[in-house]
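Before any comments, here is the structure.
For reference, chains read A, B, C and D in written order, and residue numbers begin at 1 within each chain.
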Amino acid sequence: MQGLLPYLINGVSVGGQYALIAIGYTLVYGILRLINFAHGDVFMVAGLIMVYSSATLPMYLAIPLVLLLTVALGFVIERAAYKPLRSAPRMSLMISAIGVSYLIQNLAFYFTGGLPQPVTNAIPWISENVTVFGESTKRVTLVTPVLTAVLVAALVYFINHTKIGMGMRAVSKDFETALLMGIKINSVISMTFVVGSFLAAVGAMLYFTNYPSVAITSGGMPGLKAFVAAVFGGIGSIPGAVVGAFLIGISEELIKGIGYSTFSDAFTFALLIVVLCVRPTGLFGEKVTDKV
Amino acid sequence: MSENVLKLENITMQFGGVVAVDNLSMEINKGEIVALIGPNGAGKTTAFNTITGVYEPTNGQVSFLGSPIVRNHPQGKMKKAYKGAEAEKFARQPVLNPTPDKITALGMARTFQNIRLWKTQTVFDNVLIAKHMLRTSNVFSATFRFNRAEEAKQRAEVAALLEIVGLTDVKDELATSLPYGKQRRLEIARALATQPKLLMLDEPAAGMNPQETDELTAFIARVRKDFDMTILLIEHHMDLVMDISDRIYVIDFGKLIASGTPEVIQNDQRVIDAYLGVEEDA
Amino acid sequence: MKTIKREYLLTALILLAVLVGAFVLDASLPSYHIAIKVVKKACVYSLVAVSMNLLNGFTGLFSLGQAGFMLLGAYSYAILCIPVAKRAGVYQYFDGGIVQFSLPEFFSGFLGGTVGPVVGMLCALLFGGLLTALCAYLIGLPVLRLKSDYLAIATLGFAEILRAFFQWNALGPLTNGSNLLKNYPDIGGAAAYILLVGVFIAVILLLVNSTYGRAFMAIRDDEVAAEAMGINLAHHKRMAFIISSFFAGVGGGMLAMYMGTVQALSFKSAMTYEILLVVVMGGIGSITGSIITSFLYIAGLEWLLRGLDSGTFLGISSPIFKNGFRMAIVSVIIMVVVLFFRKGIMGDRELPDLFRPRKKAAKKGGEAK
Amino acid sequence: MKKILALVLALAMVFALAACGGKSADTASSSAPAADESGGVVKIGVFEPQTGDNGAGGKQEILGMQYANYVQPTVEIGGKTYEVKLEIVDNRTTAENGPSAAAELMNRDVSVVLGSYGSGVSMAGGAVFAEAGVPAIGVTCTNPQVTSDCDVYYRICFLDPFQGTVLANYAYNTLGVTSAYTLAMLGSDYDQGLVYYFTEAFKALGGTVKNEDFPEGSANFVSYINNAKAEGAGVIFAPVSTNYAQLIIEAASAQNFEGTLLGSDTWDNNMVVESAQGKAVTVDITTFYQEGGNAEFDSGIKEWINANADAKTNNGGNDMVSAVTAMGYDAYFTALEALKAAGSTEPSAVLAALPGVHYTGVSGEIAFDEIGDAKRDAAYIKTANTETGAWDFVTIQGVN
């Protein structure tokens, strides 16, 4: 391995991208106890919307449009595919999530013709090259962690200090009781998806600035990795998801650095299994006991 | 004094800082019907769950037919946090913590406060599945039907059992389609199918009207007679408890406050206070 | 008593008709005909779907490791069956590989050229199943303690790890690394597949209707009650996991047979999702449902619905019939089933249930709600 | 009730299925002689991925065939004029979908098959073509085993051992590099095969090679580029699919990699070259055809692509001519030559005639050796012009 630095810089950048997706997973899991398999695909669709909108609209219109449409997509998915199953067993909900993921991919395939869509108009400024400590990288690499930190801070404030945030916390603690207390469960859940999708859209814009094209499978791997990050950090915990994402991003790049790239994905999953078996609640998760 | 079936010694169950069951000791002898009563939240079901292996008690020992089956003493973090008594009594003995199925296999079967029948199975199959425990076949002999004789025997036993409990006419119905009273009865039949030596009923009359409760009382009495059964029950319905119990244990806030025959309990001031509440300055 | 006999008779007749149909298909059509390919692939999917149903539907363990287990079975079959003479070509980058025998050839040495290869192929299939079962046992040690969705994601992870190992060049002399394994024999036509899969599914059916199958269903319906009635959860879950994996491994071996080539890349999590959705559409807990849906799904996707992708379907031409439309339609159908017909096409009923007197069947269906 | 309805529907579908199966089988046996009398339609099967990882490449290859079909929609066989119809079936890139896609083609009674982009699925389909005795002409499937293990498979492109060696020679002799770094996707036989031959040849020349793999779905190649830099590699050889090629170019540019990125025929794609536009990278590739090699073909196909919106979309949104498109075009005409030589639309006759076919296509002379491979001894080397975003011709390179 050459100096550690370029790998660390890259790991931080990758971790930042995972973090924004991981928060979406962790929020939804915290409230619905659902692994939202479709979240990675929402991320991909956000990338596609960015490609199309930035090709036709000026950037100051394109970015809000991406955010708006992605948020709408997240909202619609929840209303259409998860809400009708609220009283169904958890397995049905998860199957529905897998079905939605399958559907989004196939629809995206149909509309793109299966071709990766080139990112022609990347967001300026952040896509330029800069030099840090003598290592060359894109500016987005540096922007991502900062923006992630800012968004997480905003999110934590939102959850701790607003009424709907309080609702989210209540629902994640105890679904039935929250319902009895007069919390509007549906709007809280919708809000969760809105927030998750918003972050996914931001993540997608940063992520695809780094890469030349959006393929319909682009969401799969980042989605899965981000999920692992969320579990690693303790699913349901926002700081956990962020820390987990950075740890996974960095360790992945280090593994590539020491020449075991064959197992860079396998390592992530192995880590997941070890965490699940040794400490199922992750680094920051709370313990839940089942009642008999 | 007849043979001792179940014996609890100093059972304590502490969740975090809350002591749900505190130093509970009790005994059940063969052929008895013993009731464990107490106000809501007194720790009855928790005690029940420590006996059946659902929870691992923080301290204490449970013996069944003379041999210890569950045993624990405060360990790890609990050592410091432990608020109960007799922390050292079992410290030098090995910890015993079998899963619920092992305890059932020893001859102790239970029912649940909120009925837990297998909802996609018929009445007959619900009872038959409980016989699974008694099989001698392995998965190969069962799959390839080398266990015909055993299967036939079990089916016959289940049919006989359903006949005794009066569910033969509904044996092909889905268990969850039965009326409430029959579901209770089915749960008891299911427990009996494991051929237990001790039957443990967790609030069998919960949610029943007086008439159903009367029927249940008669039913439990008949079970004791027909199966020569020893029974431990948790119950709120005082009529039922007073009717059929030989002895009663009363707990409040996890602690045993009284024990004895129904007559004794009925006149015990502490029990009356626990149930009716006591004025602070009284 | 009389009605029971009638419904089993009808079921037997249908099964017989299917088998005869397969023989007729084999006799009347060339072996490369699409109908035969569809039947073969659908058979394989049936077996794999049923094995998944055994775990997810009957035992209530939500596992997503199916593709990994199929990978193991497929590679076992291929590695054991490639003729020795062709190994140098197949393992072109690995000096002919380290396995230098072939089960079909080995058995034809003393059982003759007609029976021997078949015995060899069956042995390879069973070996693949056993290896998969062993692997499932090892994987099960840590992961079966996990609860529903964690179990799903852990098994998914294991499947991906397995795939990485099989593609690893260091194991190339055994697995051929990222390259294809091929040139191994196929066992026969549509009828052979139907017979073989029929036998395996019959075994699963026997298991499900045995005392162990009932115990599995008890665990699915209520774990706490099952444990309280003396059913050892760890033991039974592990057993279901191992048995399901065994059949997934055998199914993987048959998929290899059907495909003619094996490459680890095919066994992605998308394959698991595909099979899971087949199981769901057929009805979780219905073996008949899994089989019927497998046939409908494969026939539709590989044959009947191809028109949706290439411009003309059922005589209608439309510009919207372009590439990807077929998959889009299929996934919309899947979502509709998942959301509005949650019990799938069969619910938890089997073929004979359909011939039971209407009233009772309806009652059972109604109550299941 | 709903369930019974569903079941009835299901059964109906199965019967319908059986019915069409039977019908098409009948026509299979009777249609061939009937066509001879009226001089009807001859069908050429197109076995290509339109979906999956290789969907983009497959579509560009189909474009060449479609254009060829547009240029030459008829063929004279045995004194009669036949209309040529392309039967396009999607093999979804992966081997498990190969057999059924191939069988579907057989079901449509094609006389000869063209394709596929990607060797793995070609081998999976090859078994079915061999069973049916229908000849197949590989367009850009470069793995030696496609033809060596299949009697009915021929191909018009060069092979991996050749291409790998050409690239090694080019890197060592022309670029003067002694240390190479290779990057291949884990699980892709195409990538791994080329890397193998490149490594063998490069080491034989006296160079050192470091091999690494990346898992499918990777998007961040920065660490790999860093590894290459750490190795002091003068070239990064990455024979990967177009999507990864773009990502590698992107990462190499971001990390200021100063050596040369070496690509194979898959890189000959306008999206790849566009992603190199405006970046400080050197990208050299080998391919089958260089735009400008045949002016008439170039202008013709550009006009056709520009007039056809679907074609343009499939070509990645512009009119740049990829080598695979030219190869698809040549494959179509090679097939027509075989049909003419056979004097019949019977697959068996076409198969018998194929070994003797000679055709001068836009990509050069096409003739087959005894295995069924094209006799080709030269590859085009192109470099990406980072200013214009187009490929510039460098040289024609042989093995020696």
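A few remarks follow.
Everything below uses one rule, namely that contacts are C-beta pairs under 8 Å (C-beta built on N, C-alpha and C of every residue); 3 or more make two chains touch, one makes a residue touch a chain.
In this text, all values refer to a predicted model and were calculated from it rather than measured experimentally.
Path length between chain B and chain D in the touching-chain graph (shortest route): 2. Set against the C-alpha centre of chain B, every other chain centre is closer than that of D.
Of all chain pairs, the one linked by the most C-beta contacts is C-D.
The geometric centre of chain A is 36 Å away from that of chain D, both derived from CA atoms. Measuring from the averaged C-alpha position of chain C to that of chain D gives a distance of 32 Å. Chain geometry summary: the mean Cα position of chain A and that of chain B are 48 Å apart.
Residue numbers of chain C whose C-beta contacts span two or more other chains: 164, 167-169, 224, 322-324, 327.
Contact of a single residue of chain D with at least two other chains is seen at positions 50-51, 186, 213, 215. Those residues of chain A in touch with two or more other chains are numbered 109, 113-114, 262, 265-266, 292. Residue ranges on chain B touching chain C, taken from their complex, read 52, 54, 99-102, 104-105, 109-110, 112, 116-121, 125, 128-135, 137, 139, 142-145, 147, 151, 154, 174, 176-177, 190-191, 194.
The part of chain A that touches chain C in the complex is made up of residues 33-35, 80-81, 84-85, 88, 90-92, 94-96, 98-103, 105-107, 109-110, 113-114, 227-228, 231, 262-263, 265-266, 269-270, 272-273, 276-277, 280, 292. Residues 21, 25, 28-38, 41, 86, 89-90, 92-93, 163-164, 167-169, 177-180, 182-183, 255, 258-266, 268, 271, 292, 295-296, 298-300, 302-304, 306, 309-310, 322-324, 327, 341, 345-347, 349, 354, 362, 365 of chain C are the ones that touch chain D when the two sit in their complex. Those residues of chain A lying in contact with chain D across their complex are 1-2, 6-7, 10, 13-14, 109, 113-116, 118, 129, 136-138, 207, 210-213, 215, 217-218, 220-222, 253, 256-257, 259, 261-262, 264-266.
Within the complex formed with chain B, the chain C residues making contact are 203, 206-207, 210-212, 214-215, 217-218, 220-222, 224-234, 239, 243, 285, 348, 364, 367-368.
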